[in-house]
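Chain naming follows the written order as A, B, C and D, and within any one chain the residues start at number 1.
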Amino acid sequence: MAGNTTGSVFRVTTFGESHGQALGCIIDGCPAGIPVSIDRIQQALDRRRPGASFDGKHNNVTTSRNEADRAEILSGVFEGKSEGTPIAIIIRNTAHHSSDYENLKTTFRPGHADFSYFKKYGMRDYRGGGRSSGRETAARVAAGAVALMILETQHICVTAYTERAAGISIKKMNYSEIEQNALRAPDCAAAEKMMNQIEILREKGDSAGGIVACTVTGIPAGLGEPVFDKLDAELAHAMLSIGAVKGIEFGSGFAAADSTGSINNDPIRLDPNTGLPLFTSNNAGGILGGISTGADLFFRIAIKPVPSIFQSQQTIQHKVTNHDSSEYAESELVIEGRHDVCLCPRIVPVVEAMAALVITDLLLRNECSRHF
Amino acid sequence: MAGNTTGSVFRVTTFGESHGQALGCIIDGCPAGIPVSIDRIQQALDRRRPGASFDGKHNNVTTSRNEADRAEILSGVFEGKSEGTPIAIIIRNTAHHSSDYENLKTTFRPGHADFSYFKKYGMRDYRGGGRSSGRETAARVAAGAVALMILETQHICVTAYTERAAGISIKKMNYSEIEQNALRAPDCAAAEKMMNQIEILREKGDSAGGIVACTVTGIPAGLGEPVFDKLDAELAHAMLSIGAVKGIEFGSGFAAADSTGSINNDPIRLDPNTGLPLFTSNNAGGILGGISTGADLFFRIAIKPVPSIFQSQQTIQHKVTNHDSSEYAESELVIEGRHDVCLCPRIVPVVEAMAALVITDLLLRNECSRHF
Amino acid sequence: MAGNTTGSVFRVTTFGESHGQALGCIIDGCPAGIPVSIDRIQQALDRRRPGASFDGKHNNVTTSRNEADRAEILSGVFEGKSEGTPIAIIIRNTAHHSSDYENLKTTFRPGHADFSYFKKYGMRDYRGGGRSSGRETAARVAAGAVALMILETQHICVTAYTERAAGISIKKMNYSEIEQNALRAPDCAAAEKMMNQIEILREKGDSAGGIVACTVTGIPAGLGEPVFDKLDAELAHAMLSIGAVKGIEFGSGFAAADSTGSINNDPIRLDPNTGLPLFTSNNAGGILGGISTGADLFFRIAIKPVPSIFQSQQTIQHKVTNHDSSEYAESELVIEGRHDVCLCPRIVPVVEAMAALVITDLLLRNECSRHF
Amino acid sequence: MAGNTTGSVFRVTTFGESHGQALGCIIDGCPAGIPVSIDRIQQALDRRRPGASFDGKHNNVTTSRNEADRAEILSGVFEGKSEGTPIAIIIRNTAHHSSDYENLKTTFRPGHADFSYFKKYGMRDYRGGGRSSGRETAARVAAGAVALMILETQHICVTAYTERAAGISIKKMNYSEIEQNALRAPDCAAAEKMMNQIEILREKGDSAGGIVACTVTGIPAGLGEPVFDKLDAELAHAMLSIGAVKGIEFGSGFAAADSTGSINNDPIRLDPNTGLPLFTSNNAGGILGGISTGADLFFRIAIKPVPSIFQSQQTIQHKVTNHDSSEYAESELVIEGRHDVCLCPRIVPVVEAMAALVITDLLLRNECSRHF
């Protein structure tokens, strides 16, 4: 109801504000007997960390706020395996300097959730965005790490990467290069150009957007629940729940709008080697009628440019903290501190986590819809 | 769980297969005392009907299957008002000739859900797509009509329209023209061009896709639930649950990926007349941090070309009806009967219905999250 | 949310008022491939019907309102089997004379939901209790019949019966006698005495209560979800959702409050024949820690006397139909028409239906919590 | 789904095993702006603690395990008020000696959940009952404390007490005596007799059960959701989810089964002072048709005797830890350590907490069902 839970069977509830005591999650519905490793959770968190996407030379893309982000499992794992009971994971906030945000106490940052939260709740946790901070995704990544351990047992593999940033697209698709550059692009040469462009924007006090793509291999046919909880509907819900995402498309996506049926329909043949059904193209992105076909899933998401920029912006302040009778005044805002210039590389592990949560949930939901 | 319910407070469950006895919905959570008119529901259904988007000259866009689609309210309305109890609405299927589909009994139509449903359930209702048929959306439109009556009391207005079809875009935005052409485009001249292009495709036995856009005005700030049930996440879920939709974008959407923060951030000023907050641009599409800002909502969805085409297609048949041990054979398929050539105009009322369901639900959810 | 849905995986939503067009249910989450027979549903409804519990001699226990109660399946069943899609069942109301209730338009019947509904919704469907009528349970019985067909495939058997009515208890337990007397008691001799006592009350214009017991055999160990959705918690929820039920107890129940651990604990031995675990007593009613042990489930529910009596009763009327500013006046009420004198026999099939819904749901939920 | 969440709008998810790192809860759906005091939460926890129900003389009723049970709020509260975001509370486990339970590693304690959990999950956290431990209720009490702070703002008061223990009932009802004796009975003289009887059982290595009653005053009419989520159904669900509870009855409860309509119906009059509706008796326990009438809520729950007794008991052990192919052997068990002899006084705050959670949730749900 209040929206901090995702999933139907594999249910994840997250909590925590950017500058509160801690953030974390409860995973309810993890089957018993799954090997759960705190190290794997920690590795996933480390990968999401600011400055984690480092190419050995320089990283001007993400902030270098020093967050230790140490995960602790509080429950649900016994002798290295899930017990079938809720798995609670917490991450303490260590580097929170609320005083940094005093100047934002009554000012709404453009492009941020400050104004909409204030209108919703009649109050606002102004410390670093509070609950609306991207920091909340750390809890998702921790939960996603558990989901990924489950998917691994089913040989399902989720891979996200930066396809485009600051107006520059990848030219090739080499999975092994993804972790070799600060952008998490599967093309180190293109990543170099993206970084140059990002550096230009950074110097201007501006920021960049981009596109993150995601592929899921090894997914069985039959995932997704008609009619409202289609696989693409669930993935769209999950991806649009990530802060800076402004759009999603599956398979040929928006290009399908200009295509024709004879081109866009994926023909079905039998694999000459295995005799199994095979789609000879994948404009559907692996989904027909909202249910997986067994072909690879493929979707792209649009990431807006980081709203925290260092140029002066037009905004308003509120004078009275009661949302029913607020008075406002116009003002100019110059944001301080350190901020990401382009979110793509840090969103990559979040996209993988959210995709893993959706697929794990639908795998478990599927257990109930088959022949009994 | 099984996915036929949408909404948290204003919950709609639909049922019905394309060629079963009836389809319909139960709306649970409609507040008591709302005037509910069967005529308004019927009008909404009439608008979704094949051939309903007619410009007085010709309509080569949608099928002319003669579906009476008479809605009947079975419960929940007493003396013209909602009782607070479930509102059940049914629509009998009258024109179902299952025999038309005998030739599809074992053949999977490319671009349709035939194969994925078969893999999911181990069986398949081959009569016109069964549950995966677009006909299911009639139940959504009936439920949406009730939601729209609620939104009307709040002065919230939902308008969808065809922005692009068969590769041709609108050139102007005139709301009053939407219902004056078969495409439901706010530009009759552009619609004429779209129809010409669609006619060319129809003659080739091919089909077209397009883009449907939707604007919601009068929406209060504060709708949407952090962190997973953001307004955009809920809308994306709803829209991607519509059969042929392959993508969605909010505000500047995918274009935001190439923009910069200084351009994409919407400045906030005070309206000189009212003194109220005003966004001077709307790249956000009316949503920040997943919560409505009070600005108009705006999103676009990509519609794939109709998969039922009249050209020969490569596909497979199954020999044994047990999904665990199916044997398949390659075959060629030529689809018969009458089918839509472009879905855009018929999807327009479905988009409005789904948007209305989401917004009504979030309005009611919001009642619980404010100051108590 | 609005409370007309029960179950998590096997979800049943009911609709319908006593004197509306129809009542019915949607079952969402029935696995595909289950044989579903309309005849079995009809038989279950016939058994719930007034006057259905007939012993060949006389039936002074239940009303003889002539309700045809013909069930129709609208969706979800194809070629005699469930499709995995929602199963909608409707029952038209045929014998509704709303005019009978004109005198109750502004008067609240004691012991009925008239006053509480009026306060909740600010309006009231005065025709026969509207949604609060016992007639609503017809939809539960229809849904329960489908659940019972599923349980049958698992060799799980649900049997409810009248254990006590009008102060008289059964003296023996003979399952084959249950359907041989109007009380549905497993002891025809005791039933005869109950009926005599009920006849005395009926002549006085008064009514009787009783106790209905329920046994479930063949249930596997492991059903029930810690910690909130324990098997007993789910059953209690289901049973207390039946109109006239005022209490429930499991196994030794309230008697356990006076027992001691050494007596109340059920010892565990191995069955000498099968070598399998065996509880040598069943004070737990088949449930430990909220999870089934494999022993038979056993619970009892308390049924209050029928509130519709023919003696004059003290009550109030409302003058203004706005619940915020209602004015009331004291009045005397004499109820007219035909009404049950004791609900026990008609509640028996409802208890079986609700128990079947809970167990089916937990069986399906269990599919997700085991070793993956 | 997995059952660790309760509530629809005011949703509480608990986590934690008896001997894990910590236990706690997330409250999602607490409205913004509620004053939340850590001290009040701590007081509630202190009251649930073993040995907390102390009369100054002696306490032979509950264990004296020294659990610090310090609550920490991790999120959702800012400047002393709820933010509208999830409130996470954790309580670290400090005094866990898992080694105490080595002898129970393969033995199922009679009357405990050991066997049923093992059958459900195929594994078992043998340390103090793991998730099935009564210790889990600490998290409920913490969450309930927040609910009680909300109810206080609405002048709703929840009071539970021991009505009967070890076969001895209270003879008077004096609320001020409840916290003056170790049994939490509103009659210190009766409590003295209960304690004497409990002492006799304790010396025999045996244990006692009892009855806990609960009254809620100040509750508005209109709470509860037809038809499945009736107020009594929701309370029954909540109460039966507490470990040792074996039954519940509302108002006249099981006694209603032997009553008649003319006696059991509560007459309605107008209060001569206020002119407002007044029920002149309360056999309904404040609930009609599953909806509160405005009269006081009243219900009783049956508590079984503590299963951990010090007499030798017949049970079985498992030899192989795989639940599909387990081999068992019969054995005798003598439980060691310190254990409660009668749970009533410690269940009293848990009953209050659960009642508060249900009522708070239904209050918030009600916000959505009224006239819009």
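FYI, contacts are C-beta pairs under 8 Å (C-beta built on N, C-alpha and C of every residue); 3 or more make two chains touch, one makes a residue touch a chain.
A quick note: this is a predicted structure, and the numbers were derived from the prediction, not measured.
Note on connectivity: the fewest steps through touching chains from chain A to chain C is 1.
Set against one another, C-D and B-C show the most C-beta pairs in contact at C-D.
Rounded to whole angstrom units, the spacing between the C-alpha centres of chain B and chain C is 39. The distance from the centre of chain B to the centre of chain D, each centre being the mean of the chain's C-alpha atoms, comes to 46 Å. Centre-to-centre, using mean CA coordinates, chain C is 26 Å away from chain D.
Residues of chain B found to touch two or more other chains are 1-5, 8-9, 14, 29, 32-33, 84-85, 120-122, 131, 226, 365, 368-371.
Interface residues of chain C, counted against chain D in their complex, comprise 1-6, 8-9, 14, 108, 110-117, 119-122, 131-132, 136, 164, 166-167, 201, 204-211, 220-230, 232-241, 243, 245-254, 256-270, 275-277, 280, 283-285, 287-294, 302-309, 311, 313-316, 328-330, 365-366, 368-371.
Within the complex formed with chain D, the residues of chain A that make contact are 1-5, 8-9, 11, 13-17, 20-24, 26, 28-30, 32-33, 72-76, 78, 81, 83-88, 90, 120-123, 125, 130-131. Here chain A touches chain C in the complex through residues 1, 9, 29, 31-34, 84-85, 150, 153, 226, 364-365, 367-372, going by the rule given at the top.
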